[in-house]
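Step one of this worksheet: look at the structure below.
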Amino acid sequence: MPIPFTTQIINLLASVLLLIAFAMLSQRRILSLINLFAWQGLVLAVSTFVVAYSTAQHHLYYSAALTLLLKVLILPWLLHRLIRKLNVKWDVETLINIPATMLVGIALVIFAFNLAAPISQLSESITRGLIGIALASVLLSLLMMLTRRKAVPQVVGFLAMENGLFFAATSATHGMPLVVELGIALDVLVGTFIFGIFFFQLRETFDSLDITHMEKLRDD
Amino acid sequence: MIDMQLMALLLTPLLGGLLLALFGSRKWAAELNSLMSGGTFVASVALTVRVVESGPQVAFNEQFFIDQFNVFLVALTAFVAFTTSLFSRPYMRVEQDHGKLSTPRLHLYYSMYQMFTLSMLVALTTNNMGIIWVAMEAATLTTVLLVSLYRTPASLEAAWKYFILCGVGIALALFGTILLYFAAERVLGQGGTALLWTHLNQVKVDLEPTVLKLAFVFLLVGYGTKIGLVPLHSWLPDAHAEGPTPVSAVLSGLLLNVALCAVMRSKVLVDGSLGTHFAGNLMMGFGLLSVVVAALFLSRQKDIKRMFAYSSIEHMGLITFAFGMGGPVATFAGMLHMTMHSLTKSAIFFAVGHAAQKAGTQQMEDIRGMLQISPTVGWGLMLGTLAILGIPPFGVFASEFLLITTAMHDYPWTTPILLMALGIAFAAIFGKVQPIVFGETTASRLPHPPALIPVFTHLLLVLILGLYMPPYLANWYRQAAALLG
Amino acid sequence: MNALDILPLDVAGVVILLWLAFGLFGLALHRTPQLITRIIFPLGALGALALAGTGLWALDAAPDVAVLPLGLPDLPLHLRLDPLAAFFLILLGGASFGVSLFSAGYFRSMAGNTLGLLCLEYHVFLASMALVLLADDAYMFMVAWETMALSSYFLVTTDHHVPDIRKAGFLYLLVAHVGAIGILLSFGVIQGGHGIGAYTFAAMREAHLSAFWSSIAFLLALFGFGAKAGVLPLHVWLPEAHPAAPSPISALMSGVMLKTAIYGILRVTFDLLGTQLWWWGVLALALGLITAVFGVMFAAVQGDMKRLLAYSSIENIGLLLVGIGLTIIFHAYGKDALAALSLTAALYHSLNHAFFKSLLFIGTGSILHATGERNMGRLGGLIRKMPWAAALMLIGVLSISGLPPFNGFVSEWLLLQAFLLSPGLPNSYINMLIPVAAAVIALAAALAAYVMVKFYGIIFLGQHREKALEHAHDAGTWERTGLGWLALGCVALGLAPVFVIRQLDPVTQMLVGQGLGNSTSNWLFLAPVDVERASYSPVYFLLAVLGVMLVTLLAVRHFYHGRLRRGPAWDCGFPAQTARMQDTAEGFGQPIRRIFEPFFKIESELPSAFDTHPRYHGRSDDRIWFALYLPVKHITEKLSSWVSLLQHGRIHLYLTYTFATLLVLLAFV
Amino acid sequence: MMAMDQTLGILFQLCQSLLVVMLAPLLMGWVGQCRAWLQNRSGPGLLQPYRSLRKLFHKDAVLAHNASPLFRATPYILFGCMWLAAAIIPIIAVDLPFSPAADVIALVGVFALARVFISLAAMDIGTAFGSLGARREMLVSFLAEPALLMVFFTSSLISHSTQLPHIVDTFAHHEFVLYPSLAFAGLAFVIVLLAENARIPVDNPSTHLELTMVHEAMILEYSARHLALVEWASSLKLLAYISIGIALFLPHGIAEVGNWGALPLAIAALLTKLALAGAGLALLETFLAKMRIFRVPEFLGTAFLLAVLGLLIHFLLGA
């Protein structure tokens, strides 16, 4: 049976998503990082749209629109605004060097695919293999969070992780119930606002957004 | 009818949050806060009576589901939230007098307090696994603001860690939820019902085990971060120590329970699907590790709230362990321990709050001789500490007794480990609390009298439950335990 | 309800409730302290007497069971009054009657707030001890047991402003708690089947355990109860806590509370566990011997009078454990008559120790009140200032030294008889071991006399070592009454052993299935096995000694003049005799320290001959503390510091934990 | 017959009681005299102890200002205890009606009672020497007492009784058996005897050198009739100890139950044995040198070990 065209598109988009996750992992400039995040949001929105189209689920259109609005427009805009206001344009500083991170990332992807393999077997629909990709991008984003030294990339990593999750939610499972998605979106939005407030507070208090300053609370 | 009651329960804090968002700067905001919390408590009692009388209920188009298990947590949550609001009235006034908090901050505190209560109640009562996630996230967000209330470097650091770690955790839980949905959708079909717990519970046998296994791992790691299971606990001591004391009390006493409740909901499904003890084993492992590691952490603490935060990790470990063991007695013990821990730990935090205010510091070596300056606070702290350490006749001992005796029968090798950890915890905590209560004092009197009614109400309840459990309460617990299997 | 329907258990329950009520009244009356001392304490004493009477009544009655509508949902509180519990109730009531009377006088000058609280804790302490004895399920037992520990902890730390007392209290509660964990584990091993209902003692009696698990249960119980009793090496709290507590509390703790641990060992070993293995007895015997010698050795070198008594309590617990060990050995080999003999010795000694140790401890209370001094090196000559206390305490001293015709001798005599009857056991190693054990017992008993001569001589005899002692006053009326009651008990128990042993019969019947009949019908002669083998008649003995003394006195008075002159003590040619030339407490203990040097950790600083201000300083510490407790502490601290490395403060690390946990779990799914 | 036996027994008892109390100073005198002869001195004569007692009873008593009633009562208690001890040891007849009141363990108890009182009395005045003496006395005794008890145990185990009459009966009137365990016990007993009666090498009864005395240091403050009673009690104690030795190790010749006729023979045998023992004691004291106080524990420790060894040998050989 030939794979339907929509499925091919979704699979393509999934690969792009993973590629962007890798790109983010290797990115050294913060502005590019935010842009990549916006691109990832776009991919997500498109893939949601395609799923909505192919499965004719109307609420997924809303999801796609919401994603577009929130992840491609509002959040990147907010982040841009923030770093302009905070006057920070520095490079991303990592704790582990980039090639090593990439190697770990590849290992993670293999791990995620293997893990998802039995689940993929179960699925007879278009979503075959997508869970693995979603899981891989979640793990990659998590990896990014724990290798970045500054607060902003860490938050971007966090948001990218949400992207991965969204992808799993919409593409792999054809969308969660709308009320859940709305709730999730709202939480993400509020969360970002709070992040924003935090950035100001942190900067005011620590005179930097370097989170290595925040190691005072310890027991050793 | 049930819809109305539920609405009363949820709308009261919502209304409270809105009102306090408007009037939070007024002088009587504290009283309003207590009033709304009291109202919530009354609503929860009404709901409890109803559920205990007529069994599990669904409401609002099946979006909400109340059974004996969560209604007990609802009642507990509303009660502790109410007493904490009573405690926070004098506490926050003193903080304001000391110039630690400005009026706008208090404003934020009161409205967030109500929103936090709301989000916990939603998380407890909802039937939708997705909404549980949303409510948990909301609870995280509100408490982040509460933890960072002082805006000191330390509190910001704590809040940041709390936010990031719990954010990541909760994101993982979302992935777990998605996987759950993925499995459910194949049985229940697409659409709204596939995340409803009641429906899932009916078809749990048919859910795909491999997916559910994976989902449970994500859910456990995700919500486990909120419970404070080692090694996901790192945020917990920071957040407890640096936030205002009433917040520490509700975090320890309530939020951790709510997260555990979410895990339990998932466990019921996973157990049904797998038919093995997989989930239980994981929970027991985490529980045991938490108990041991937290006990070892205790002896090195210098900050009193931080120390009791570790104690919370230890007790959540115990409860997780009990739920992990499963079976009617262990689950019963777990729920009893949840109740006892919430009541006792919040009472301790109340007393600790007053003591730290009187001494002007949270550093234990500078808090001395509480009995001399304020015998009631001193005795409250002393008795609370003894209670939480599992000394009879306090109720914590009753639940620990049930827990350990069951473990002795089912998993005998775990009991020496548990008891040794409890012994270490005893030495660590008691050795530090004793000089705080006894001896010559360094503290001073404060203009506002301490709110001791909450402290002693809690301790009295714990004492009574240790010696006598009313049959209806026992039955209620038993039914809830039966639900959880 | 018919008056005849009242059972002993009901009376005991009422007394316990009354005690709790008295405690609360005391707390409520804190504004009028004289009411507390004048009314509440004497009433509490009456309650104690009633309890002792109840115990006496219940000894011969059939076991009496009650289930209270309290406790855990599936495990309501069970109470049971059987002969074993009844015997210990007598002990509790008898000793605490005297102590409570004494307390009525002793606490008279205490501030109201403290007194009210103390009154509450005191009566809760008494009530919880009674409940420990009556408990018939594991939960009830543990609740009572820990309440007992807790209330006594608060009593110990009554004077919590002193850092050392806080330290002592902490150590005490910690060891008590660790012990309680052992007991709980032991119950867990013995449990009789699934479900929480298996934790009643009745169910435990029905449980059939393999030899391995019985042994585990026994060892755990020995550990748990040993921690409370002060069996080596779990004794460290005892010499710290007893001196720290107010004297009546020390009296209760030493005289009564330690016995609840003995009760626990007996209850678990002989009642709950169906079978006994001989090597348990050997273990208990060995531990008991070590404890006894250790205790008395350390008692000999103490300078603080209450510490000395505390170490002496360790010794006596050792003796009790020896008795129990012998009983186990005999019982395991089916020699129940001998088991009954050694068990009788142990029970008798418990009773004796309750009386004379309480007497001595409250006596130190009187001294403390009179002089404000616990250090024997600053006392001396008090017999002239406190004749009543001195006379009554002399009885205690003679009793505890195991001298005829007082009570300490009777139990020692019985114990030695048990040893002498031991040959003929099928195990030749035990046959060899037992004489050595008897030798050690003899050594401990002789050392005890040494210790007590030191105790009494340094405190009461000689010259006042400090000027301030000139103003010491004797014990008041209440105090004298309390002292008098306990002294009376010592004398009565010493003179009427046959009567006491007859009362002990139901207890030994219950535990080892055989009583210890007296082979002669003559109540004056104690002859546990056969009058040919051994007999002892304290009354005749006393009459003979008194008679001879009287004859001598009359003869001396009759035939010779009674002229008497008073003069200064002979100075051996020294220019001046001062009080400082007497032996100090430390000096008196010096030979023991030298002989048993390897057992002590000795620090001493001797002045050189050219020091202008020569000062001697020395202390003898417990090696066990350094060899066992400090390493445990260090290991825990080390572990703790390793674990603390986890909490490094870096959020990356924390995220890594989450990440790693997730990956590990996923990998293993 | 029963009543007859009982009367006879009481008569025996009275007889022995009077005999020991009268005989004790004589034994003291005999030992002193033997010692003098052995040391080539002429000696004060056998009756010197009686003369000393008489003199002391005539003197005015002097008491220190701060002497308490305990101090004054002690000589009587001491005397009472020692007399009782000496009276219940079967030396002339086996059947003493008072014997069942106190067996060997109680006998050890009687000695301990007396010792505790004299030590306490020594501390009563509060002089440097009094407490020194008390301390040393208790030191000696805490090692000697268990050894004595072990000696008793050995013989009790052989005879299956702790009743002295029964023990003596077993040894004296049953088939003659050699008990190797008793040899050890006997050796231990001699050491204990020396130590408990303040003899050389543990103590020297005839010295008042401050740094070495033990027993004499305790009774420094006593005078006149009190001192007389104390001295008399000491001689009773020596007699009692030697009697114990005789009863345990050389009981042959003692009168059997209700045997009137054997009584004169028994008394004669007793006197011979006492004389021999006294001479032996004097001989020992002459050959041995007084040892330093801290060598005493070793010396007595040896006794203790010997006694325990005796017990073990009894178990090993069954004899």
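Letters are used for the chains, namely A, B, C and D, taken in the order the chains are written, and counting of residues starts over at 1 for each.
Here, a residue touches a chain if its C-beta (ideal position, glycine included) is under 8 Å from a C-beta of that chain, and two chains touch if they have at least 3 such contacts.
Fair warning: this is a prediction, and the values are worked out from it, not measured in the lab.
*Asks:* Going by the touch criterion stated earlier, list every chain that contacts chain C and also contacts chain D.
*Replies:* The common neighbours do not exist; no chain touches both.
*Asks:* Taking mean CA positions as centres, which chain lies farthest from chain C?
*Replies:* It is A.
*Asks:* If you average the CA atoms of chain A and of chain D, how many Å lie between those two points?
*Replies:* Inter-chain centre distance comes to 101 Å.
*Asks:* Taking the mean of the CA coordinates per chain, how far is chain B from chain D in Å?
*Replies:* 78
*Asks:* Centroid from C-alpha atoms only, then distance chain A to chain B, rounded to Å. What do you get?
*Replies:* About 31 Å separates the centre of chain A from that of chain B.
*Asks:* Indicate the whole-number Å distance between the mean C-alpha point of chain B and the mean C-alpha point of chain C.
*Replies:* Measuring from centre to centre gives 44 Å for this pair.
*Asks:* Going through chain B residue by residue, note those that touch at least 2 other chains and give them in order.
*Replies:* Only 160-161, 164, 168, 172, 214, 237, 297, 300 qualify.
*Asks:* Out of chain C, which residues touch more than one other chain, so two or more?
*Replies:* Within chain C, the residues that touch at least two other chains are 641, 644, 646-647, 651, 655, 658, 662, 666, 669.
*Asks:* Just spell out which pairs of chains touch, all of them.
*Replies:* Chain pairs that touch: A-B, A-C, B-C, C-D.
*Asks:* Spell out the part of chain D that touches chain C in their complex, as residue ranges.
*Replies:* Per the stated touch rule, the residues are 57-58, 60-68, 70, 76-77, 79-81, 83-84, 98, 100-103, 105-106, 109-110, 112-113, 115-116, 119-120, 123-132, 134-136, 138-139, 141-143, 145-146, 149-150, 153, 156-157, 160-163, 166, 210, 220-221, 225, 229, 294, 297, 304, 307-308, 311-312, 315.
*Asks:* Help me check something: in the complex, which residues belonging to chain C touch chain B?
*Replies:* 69-74, 113, 138-139, 142-143, 145-147, 149-150, 157, 160-161, 163, 166, 169-170, 173-174, 177-178, 181, 184-185, 187-189, 191, 194-196, 198-199, 636-637, 639-641, 643-644, 646-647, 651, 653-655, 657-658, 660-662, 665-666, 669
*Asks:* Which of the residues in chain B end up touching chain C in this complex?
*Replies:* Residue list for chain B touching chain C: 160-161, 164-165, 168-169, 172, 213-214, 217-218, 220-221, 225, 231-232, 234-235, 237, 282, 293, 296-300, 329, 332, 371, 375, 386, 389, 391-393, 397-398, 401-402, 404-406, 408-409, 412, 415-416, 419-420, 422-424, 426-427, 430-431, 434-435, 438-440, 466-469, 471, 474, 477-478.
*Asks:* For the complex, which residues does chain C have touching chain A?
*Replies:* Touch residues, chain C against chain A: 641, 644-652, 655-656, 658-659, 662-663, 666-667, 669.
*Asks:* Help me check something: in the complex, which residues belonging to chain A touch chain B?
*Replies:* 57, 115, 118-119, 122, 131, 134-135, 138, 142, 145, 151, 154, 158, 161-162, 165, 168-169, 172-177, 179-180, 183-184, 186-187, 190-191, 194-195, 198, 201-202, 205-206, 211, 214-217, 219
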